[in-house]
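I'd like to ask some things about the structure below.
Here the chain labels run A, B and C in written order, and each chain numbers its own residues starting at 1.
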Amino acid sequence: MLDVRSLKTHVFSSRGVVRAVDGVNLAIGVEETLGLVGETGSGKSMTALSIMRMIPYPGRIVEGKILLEGEDLLTKTQAQMTNIRGSKISMIFQDPMTSLNPVFKAGYQVSEAISTHQQLATSESWKRAVEMLNLVRIPDAPTRAHDYPHQLSGGMRQRTMIAMALSCRPKLLIADEPTTALDVTVQAQILELMRELRRRAGTSILLITHNLGVVAEICDRVAVMYAGKIVESADVKTIFRKHKHPYTKGLLGALPKIGSYKENLESILGSVPDMINPPSGCRFHPRCPHAKETCSLTEPRLVELEQEHMVACHFVRD
Amino acid sequence: MQGMAAFAIKRLLLLPPVLLGVSIISFMLLHITPGDPVLVMLGESAAPGQVEALREELGLNAPLPVQYARYLTRIIQGDLGRSIWTRSPVLSEILLRLPATIELTLASMLIAIPIGFHLGVFSATNRNASVDHAVRLFSLSGVSVPVFWSGLMLQLVFAMYLGWLPVSGRVDSWAEPSRVTGFYILDSLLTGNSASSVSCIRHIVLPAVAQSLMTLALVSRMTRSSMLEVLWEDYIRTARAKGLSEQVVVYKHALRNALIPTITVIGIHFAWMLGGSVLVEVVFSWPGIGRLMFESITKRDYPVVQGNLLVYAAIFLLSSLVVDLLYAYIDPRIRHYKR
Amino acid sequence: MAVVTATAVLSPLTPSDPNAIHLEDQLALMTIKHILGADFHGRDVFSRLVHGARVTMVVATVTVMVAAVIGTLTGAIAGYVGRKVDAIIMRTMDIILSFPAIVLAMALTAALGPSLQNSMISITVVTIPAIARVARGQTLVVKEMDYVQAARAIGVDDASIIFRHIIPNCLGPITVQATLYMAVSILTTASLGFLGLGAQPPTPEWGADLAEGMRYMREAPWVAAFPGLAIFTAALGFNLLGDGLADIMNPRLRE
């Protein structure tokens, strides 16, 4: 349903060209949930914004194709994209407090999404909005719709965002770290909500996160991103049990596991690379415990190991 | 709108102490004059009988606290005393001229605000560096121009050299409208006197423009910086992600938030203008309370000066209240938080 | 921006060189043999401008400095001590602010007697609240900072805290405000002078000169035009400076 090919998004800042997204391939099927995982700075958010074509100046998509149900989004005009946003593709963001406009009522913000894409009377949009708020399990929706964002709790705000995003039944929902700013208990509720809504509406989800726990909960497939490139992608079980890429291994190794007796959490040495001058060859090689000489010379290509399991590493067979 | 009512009441309760202080200052004015205020008022050559009479009239022979108490009681009843020059009640003198000043202020605001807004929005949404610098320079200039100078220059160019607009005054003497509200433009429209309307409008143009400059500059500047900040906020990103057109995003979502700080400034300026109109009124011989203030100061007509001060303060406090209410209306967050 | 600011500031500083131009009281009719013309009494407009600049600069600097000192102290104390003291101080400030500045300055000057000194006093009084507000605001912020808490925990007495920690941190925004108020002071002084409430003749003062020039607008507009231009330039200079300072103070996060 969504097919991203060789996407490259660069930011032309005064300090140099930041190759935020440097040749990314993704595919999401109908009603499928893909998790896009990586550290901060790996390019995940930029990938998401690229799909929405909302890259802020001075960034630009320089190459690639983004096919939504067969149509290349990169060939659309601004006006067409404006129509697509909110109706075919929706996005929710990390911090619900700052992502909702403080001067408009919650119900209004949802109904605005509805009335923009569907020619409905105000009262009708409002009714639908309240229905949506109910759907996302906001208690006493008709009254709460009149509240302002600062009167709602974090969890309720995120639910409002979800209501807003799903109100026009988009084919794809992009969720950029939707639970990171929330308490753990609320996180669980939101994820549960997303699972249920996905079932009802048949929406595909692109979930961006650095939290592997969330991935385990809700994703069908996972793509691991590092320094602007995808280094491994597979279905969720394979990623957790049979991952091959050293970076994936590092990410999973950094998770504390209940029942294990490890003294120290393994962390990945080093830090996220400078995206203006990324390391040569395999971008992970400076931090890879298995790095050999080839790794600094040539970039590994994504190779299909087994069914749908792609890895980008020279020494995949080991 | 219960939040609004509670908020309004809270604000009203803050007034009394301030009003008290204001009255004290106003009262003290007479008494900080070095030397004998009565002599100052009447001039050195006044006959002792006159001096004594005035002193009695003003109650200056009683001890200070008593004087103040009397003053306060009088004010509360609305009696601001009598002008020494014209012998008519101060309050009526002021009220006679108040509409003129308000009219002028409204006209200036009418010019300053829309232009200022659009300039600010324009400069915030256009990344063109030269436009941005131009607007910034313009706004800084607007704030630096001495109002009386710009008034004079306008007079010079448009009235004297080009002769397009009248030099001074509020209306041609033959075109004065019958007094209904005191707002000449309104009056002339109400009475269907079109020649009068034209004359009034012609007369108000130059002074209004002169006075609007500072506010225009400030409004555009504030709108610009406010917009710049707002446009970077997350909820603007959300609005775009919702599929709203850029125009809606800017004018509905962004502007409403950007307006918040700007409105306060506008409100302050409105009050300021009512007071600062002195200079423009003097240059253009506009018969408002500003000119009254100036004239009464020049003539040492203390009761009028005091009364005028009180009125100014009252107006300012009132407009502050209105601005605060407006602010609370626009920004729902304010309503729910205690001050 | 920095270049523009620098050049603009230099212009009002020309009086710093003690140009003893003494054509000031030459009695002659209006002619244009003087660089910028002459006024009714035959005084050279240019030299009056230069001397007037000195007057203006002195007034502006003194008023703002004094207001800054008093304002900062009161504001800091108000913010630091809080509660009743804070309430009293801020109410007083509010009261002063209830009057439009020019009007209050006019009234005060008139009551005290029109003269340059008295106008200076009035302007100072009117400027204090603004600075006090800024100082108080900053104090409230700084008060909660860790190093202040640490100092108190060690037992440093309040007065030292105020002077060594709080005030230095207020200086930033206050300097910006002060610079901007220099411009305001210049304009207000000129306004008072224009209305006849400031410097008295024959002291050269831009506002007063402008008022005189007003009478001869038709025949010799330059007598009024140039002082006004001077006022404008000086005010603009300080505004630019203040604006530039404000920009420097703001962390430059956005590209």
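Here, a contact is a pair of C-beta atoms (placed from the backbone, for glycine too) under 8 Å apart; a residue touches a chain by one contact, two chains touch by 3 or more.
Remember, predicted model here, so these are calculated numbers, not experimental data.
Of all chains, the one whose CA centroid is most distant from that of subunit C is A. Set side by side, A-B and B-C show the greater C-beta contact count at B-C.
Centre-to-centre spacing of subunit A and subunit C amounts to 55 Å, using the average Cα coordinate of each chain. Separating the CA-averaged centres of subunit A and subunit B is a span of 54 Å. Our note on geometry: subunit B versus subunit C, Cα centroid distance of 22 Å, whole angstroms. The touching residues of subunit A, counted against subunit B in their complex, run 52, 54, 57, 78-79, 82-87, 90-91, 93, 95, 98-104, 112-113, 116-117, 148, 150-151, 161, 164-165. On subunit C, the positions that touch subunit B within their shared complex are 91-92, 94-96, 98-104, 106-108, 110-113, 183, 187, 190-191, 194-197, 207, 210, 214, 217-218, 221, 224-225, 227-229, 231-232, 235-236, 238-240, 243, 254. Only residues 127, 233-235, 237-246, 253, 256-257, 330-333, 336 of subunit B touch subunit A when the two sit together in their complex.
Taken together, the subunit B residues at the contact with subunit C in this complex read 17-18, 21-22, 25, 29-30, 32-34, 136, 140-141, 143-150, 152-153, 155-156, 160, 232, 271-272, 274-276, 278-279, 282-283, 293-294, 297-298, 300, 305, 308-309, 312-313, 316-317.
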